[in-house]
Amino acid sequence: MLKPQNEMKLILKSHSVNEGFARVAVSAFAAQIDMTLEELSDIKTAVSEAVTNSIVHGYGRKIGNIYITCGIYDNNLIRIKIRDNGCGIEDIKKAMEPMYSSLGGDRAGLGFSVMECFTDKLKVYSKPGKGTSVILEKRVSIKC
Amino acid sequence: MLKPQNEMKLILKSHSVNEGFARVAVSAFAAQIDMTLEELSDIKTAVSEAVTNSIVHGYGRKIGNIYITCGIYDNNLIRIKIRDNGCGIEDIKKAMEPMYSSLGGDRAGLGFSVMECFTDKLKVYSKPGKGTSVILEKRVSIKC
Amino acid sequence: MPLTVKKQGEKLVASIRGDIDHHSALALRNAIDEAISRFRSKTLVLDFSEVTFMDSSGVGLVLGRYRNICAYGGELELRGLSLRHMKIMKLSGIEKIAKIKGGEENVKAAK
Amino acid sequence: MPLTVKKQGEKLVASIRGDIDHHSALALRNAIDEAISRFRSKTLVLDFSEVTFMDSSGVGLVLGRYRNICAYGGELELRGLSLRHMKIMKLSGIEKIAKIKGGEENVKAAK
């Protein structure tokens, strides 16, 4: 990965009220590239899923830090990393199956599906007991 | 200073394009407290001044990191710290005089005056060759 | 509360406003469930035309309300979904269990 | 370029749109200075009614244009400043050198 043209890092607490802030902050940064509104919404949605997962699954009832890095690279590539030091994922393959959720209640099990649907690349790294990193990549078009 | 109810940290590069992003990010975070639009604009304006100073004076032609912390405390207190590892300020008292600018061109020398005007407390710490920290505090009213 | 609930003939219509994410979904869920058990209508309509953002928490919200209304032998109808929100809903195959009406006119949600 | 320049009788009117900060001020400065030397009007009017954000870089922009137009023996007039932007301008005592007209109707700038 080459050096980003511009990059920001954001550290926030896993309070659910920060879900909205996280997606607004990332999209305000990404909006430096003159993309379509739809692409910007794609980014917002994917970030919202990843941050929510860190809050809901990674930390659960505990409050911990969520680390977000957003870089803008050549050829309109946006790369976002969302990392937590939470409980981690035992079986990443199973976790990424559509409609799988380890929690009952109102989790639809579609977070990873939505991230895949709205980005060009999704990578998940996780170590049980250590935490989880999600990397989202999206190449946007120049708005016309 | 007690523990904040919520806090975020933001690290960005001293590219001038990030001035807009910095004030949007801080105000999106601060907007968790249900303040007036006018108070939110006060915060935006003060943050814009401090970040611009780190870019223009702190780093000048170099690119360095700007560290922003924004905390929300009891009784609607918002506390924002903007720090750079730039050139620092020799004479803080003189720097804070209205209309004083060490740069010619179009700097009005009003950055610190605006920060003072739109916040409740302004503190400046600086060490020549080491960098500068600006702390802004504002107690906002609950919107009615 | 960014929710308006009203009876429309036999139907209970819950119109949601603003952002639907995991944070906002909790209060929405409680308010809708409260209305369901109060009005006991056969049909619950969820109207998304004033929704400005939705992620998969919106799908969870709908599936949960579907399970709830099923307990009363009721039906679910979705209205005002933008194309983007429809795309997210369809990841769950929701169209097999709920009636979905119109919605392309929702311009607030950036398509 | 978030700037429209036109002649209005003897006056050169430059209307600024969007955010004025240190980042955007550079391009605005160049465009306004270019118009000043092209039109050589006696009076330069800067219209702020479409300005959505302004910090002290806006004051620097105005003071710089004032110095520039003075070199031509011209005058400066400011229009459409919101109360908030007026407050920032006044920190520089600009009202002593420029004519300031109306502006409280600028609702975009959150007062």
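Each chain carries a letter (A, B, C and D) given by its place in the written order, and its residues are counted from 1.
By our rule, a residue touches a chain if its C-beta (ideal position, glycine included) is under 8 Å from a C-beta of that chain, and two chains touch if they have at least 3 such contacts.
Just so it is clear, the structure is predicted and the values come from calculations on it, not from any experiment.
Think of each touching pair as a link: the shortest run of links from chain B to chain D has 1 of them.
Centre-to-centre, using mean CA coordinates, chain A is 25 Å away from chain C.
If each chain is reduced to the centroid of its CA atoms, chain A and chain B end up 28 Å from each other. Per-chain Cα centroids separate chain A from chain D by 42 Å. Shared interface positions of chain B, i.e. residues touching 2 or more other chains, are given as 17.
Shown for chain C are the residues that touch two or more other chains, of which there are none.
Checking each pair of chains for touch leaves A-B, A-C, B-D.
Residues of chain A touching chain C in their complex: 16-17, 19-20, 23, 37-38, 40-41, 44-45, 48-49, 52, 55-56, 98-99, 105-108, 110-111, 113-114, 117. Across the complex, chain C meets chain A through its residues 19, 21-23, 25, 29, 53-57, 59-61, 63-64, 84, 87-88, 91-92, 109-111.
For chain A in complex with chain B, the touching residues are 6-13, 15, 17-18, 21, 24-25, 28-29, 32.
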